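You will see two complexes here that share subunit A, one where it goes with subunit B and one where it goes with subunit C.
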Partner chain A sequence: MHRDPLAIRSIRILSGLVLIVWLVLPLVPLAIWSFARGWRFPSLLPNEWTLQAWRYAFSSTSGVLDSLWLTIWIALCATAMSILIGVPAGRALGMYKFRGKGVVELVILAPVIVPGIAVALGIHGVFITLGLTNTVWGVILVHLIPTLPYMTLVMAGIFANYDPAFEQQARSLGASPLKTFWYVTLPAIMPGIVVGGLFAFLVSWSQYILTLLIGGGRVVTLPLLLFNFATSGRNDITGAIGMIYILPGILILLLTARQLSGRSGAVGGFGRV
Partner chain B sequence: MTHVSITNLTKTYPGTTTPALDRLSLEIPSGELTALLGPSGCGKTTTMKMIAGLLEPSGGDVTFNGRSILRDKPEDRGVVMVFQNYLLFPYMSVADNIGFGLKMRHVPKAQIADRVAEMLALVKLPDLGRRKPAELSGGQQQRVALARALIVRPEVLLLDEPLSNLDAHLRLEMRDLIRSLQKEMGITTIFVTHDQEEAVVLADRVALILDGRLRQYDAADVFYKRPADAAVARFFGGQNFVPGRAEGGVFHSALGPLALPEGARAGAGTLTFRPESVRIGSAAENTVRATLVERIYLGTQTRLRLVVGDVPVEAVLSPDLVEGIAPGDAVTLGLPRHTLWVLP
Partner chain C sequence: MSDRIKIILLLAPAMAVIGLLFFGGLLVGLMRSLNYMPVIGLTEPNLDAYVAVFSSREFLRSFLLTFHISFTSTVISAAIAIAAALLLRRTFVGRGVINFLFQLNLTVPHIVGAIGILYLFSQSGSFARLGYAAGLIERPSDFPALVFDPYAIGIILQYVWKEVPFIGVIVLANMQAIGQDYESVARSLGASKWQSFRHVLLPLIFPGVLSASVMVFAFTFGAYEIPALLGASHPQALPVLAYKAYTNVDLAARPQAMAMAIIIAVLSAIMIVAYTRATRARIRG
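Entry: the complex of A and B
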């Protein structure tokens, strides 16, 4: 028993190291590449440093900024629509018993289980007839397939622990249905909306296949652009765009971690970086 | 000042055939405090929610001063319901909770603050406005819930089991608070409870509902003295039921002839009397010879199980009156005429 604290501490340090190697280390060469002019095999660091890739990334010719705004727009729209659909769906699943509930749950979960490409191929045909292919709205709609399950499941969990009598109480005290939702329901389910919304945003942000298929190469989001540069062998520009691409994930992680743990301990220190 | 009139109010839940509430009719005079009493599942909370507009009735009508309110939305009815578990909004301060109803009515902020302070003083929690509900005790939460309801000066106040979540010593305090505020503001108040004691101590009048049907609607003491039937008498702790026949003001049964009070029904029926109305010793009228079977000491009272022939009789008496009587002893009981009642 005496050696337990030491064992636990070494396991903790070891798992921390594994995490860093696994998650952070792959990003290091990417970051270095974005500042490199020529970096050939034997040398450990680039021969020459430059901001050229970054300058190019932020220039109007590269299309990175256009892509960035487009990706943000699509992710925001997909998130908003996920909230609008996911909140009532989660309420129904979390609070009520109804016929065929199991089937509905399965259908909502299906996109997480079934490979996205299979779904996308099926939907592609439908979207062609609807004229939604090669459009931003088509891409937003198809992003709902992977974002909705997360949103709905998070909200179902929230509503399972939610007492609707609070709404009755508000009505009885003179609140209209709208005000009841605003003052009573919304504050109660806000944590779920925040977490589910962040999930939805990140899931939409990282879509590649669905965007490529439905967008038909006309809707160039950041991951598509990144892939174009990566396959064309421009490691420096790939590095710069890669850095921009991972930014929201890191930001969201820091923001939520700070919110959840309230500026405490290591997270607070991390947040000051 | 609102007179509430309930006519044939009925609720049948989907998928069931027997109504949860069956043709309830009640007249609740303006400014009175009325209890809907009954065991859980008897339809009393259903009634309350239908009055509050939180549940659609299957039939019947509810009127306030003669005007039907069933078409009004819950927020427009002038009815506030206080739930059993208080339902204070957890992320709002106590003051914001109490001021909620006024905020919904677009009362200016400064005015809300004044009225909230007034209400806090009235429910004797003057310094707790800034606290969160979770920091309050159960009794304090109850007061906040009451203040939150009363601040909008509702026409009708509905209370769901207002005393049942409180400790014994808080109950009387809360009872006095509810009664004094209700009388002062003259708000017609209906509360539901499964506890006959709660109904009796709080209400002006009690409506007893059993199995979805109104059995008796009277002042509290009538339920003890003049129960409508055996089920009502049993609900109020009645133990003594003797079948027989009333003729010419005398009840003939296994207990022998007993003189009845005026107004008791004639013909075949069941005689009932409260265990606590039974006297001991031969001085009283209507004497009966009984044998003691068992005595149970209850602290301030002693409960006696007796038999008259093979008719069981229960009596509750002050312990000093029954000292020295042991099981098997013969006892003379007195059943005063005015404590007897005949049930159909």
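Entry: the complex of A and C
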């Protein structure tokens, strides 16, 4: 096997380096700002370093922690509901062939592609009459629109490679349907539930416009708080909240690194984040 | 229990949630955009809101701007993503790092990327400071307007930052599934490197590129927080304009907001048709 000429190899390495720098670059000023005090033009680096923004973010008066718990709670509820509803639907799509399957798949795929704002204005009108606007439960419900399709699609992929013969054997040996599910089905599909659940969590975690519209500005999740600080020019606090906000994604990435080696169809799940 | 009943029971909850929330929301939006609200006695649907929207200069400029943002971001992202995937399928120093950063970037919410772009490219941002240090500019206003600008450069930069890894990961998975055998055959038959890429690899990965690009286009067309943070105050991206009209104190603007939402939905419906065509083409091979 011949080696490419030096020029081509250098171009390759150089573009690799440019790509690496570009991928990290936007996060750098955010991280620096979170430790900076009065970092004005034209200083390349802050003259003074401080933990003030972090102290503020973790103080009980700033509301950042309240916002953090609220965002976690909403994402957990949306994820749990997506698992409960998405696993059965994924089973139907992954294990059976039936008439109208194409339509069902399209119905489930549609919310992945159609932007949230296109449906949220209509939902807002209905939620007003139901008393669900400006409430946490209204926000959780509306987060199901982007999270449920991902959960369903991930589970459909899992069930497509699932052998139901084990269930029949368990049943023929006298196990009840509930026991069969608990001891046979659940362990087999657990990896899918974990990965799909983490995706669903992250998708809910990053919602902005659905929360803003349905929560009416009263349900202040982290992205809303981040936006408010960013537009009010408090760059240091924005930096600290931004760092806190990207942490779960990084943790989830480290947890799922093996499943995400690029071959998994589930990687598309991050597209909506 | 017959399979038929089983399938219906398994699908019912998901269908109910998506049907009620998603399609219900769409339907209500459509009705209100047509000024059709039987509850408050409006029983004669009309196209007033659409006429008002389409005859407004502000809307047309906003529509063109949004189309420009989506189209430009998608094309640039897809091109860089293909190049990056070509780079990533080889073994070289730094491949692992880029792979990791690609996935890291996928988990970072758009709004964080948007703030990062703001701090990098604003007139008092990192690049302006570098320009000052290099003696290229004397004050912030000398730095070209790359955010809050009429060409939406900052918005496009943010989308390219976020979507190159998204398309790249999908294209890379495609390339790895295809393998290099076809290209080797083309090369051994005398094709140049460019020819084997253009006529062998590109047609093979194209359906994947297309379906990923469709998702990116639809997303960028309907995303709110990125243009709200990085966009100029005039013209505004369509989702920002729709939200502004919806939250306007003048309730008469609401049907127009609904009409804009429906226009975004129709455009993404066209994208779904393209998407399913692309996936079918991929299955056919």
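Heads up, the rule we're going with is that the second predicted complex is superposed on the first by the 240 of 273 C-alpha atoms of A that agree within 3 Å, B and C clash if a C-alpha of one lies under 4 Å from a C-alpha of the other, contacts with A are read in each partner's own complex, and residues count from 1 in each chain.
The rule is simple: a residue touches a chain if its C-beta (ideal position, glycine included) is under 8 Å from a C-beta of that chain, and two chains touch if they have at least 3 such contacts.
Everything numeric in this text was worked out from a predicted model, so none of it was measured.
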item	value
First, second, both or neither for A:174, with subunit B first and subunit C second	first
First, second, both or neither for A:148, with subunit B first and subunit C second	second
Which superposed partner A:165 touches (first subunit B, second subunit C, both, neither)	first
Winner by number of subunit A residues touched, once subunit B and subunit C are compared	C
Subunit B and subunit C contact sites that coincide on subunit A, given as residue numbers	none
Subunit B to subunit A touching residues, read off their complex	49, 52-54, 73-75, 79-81, 83, 85, 87, 89, 91, 100-101, 104-105, 148-149, 152, 158
Subunit B partner contacts - residues on subunit A that touch it in the complex	163, 165-166, 168-176, 179, 183-184, 187-188
Interfacial residue positions of subunit C with respect to subunit A in the complex	3-4, 6-7, 9-11, 13-15, 17-19, 21-30, 32, 83-84, 87, 90, 92-95, 97-99, 101-113, 115-120, 124-126, 128-130, 132-133, 140, 158, 161, 165-166, 169-170, 172-173, 176-177, 212, 214-216, 218-219, 221-225, 228-229, 239, 242-243, 246, 257-258, 261-262, 264-265, 268-269, 271-272, 275-276
For the subunit A and subunit C complex, residues of the former touching the latter	12-13, 15-17, 19-20, 22-30, 33, 40-44, 84-86, 88-89, 91-93, 96, 98, 104, 106-126, 141-142, 144-145, 148-149, 152, 202, 205-206, 208-209, 212-213, 223, 226-227, 230-231, 235, 238, 242, 245-246, 249-250, 252-253, 257, 260, 262-264, 267-268, 270-273
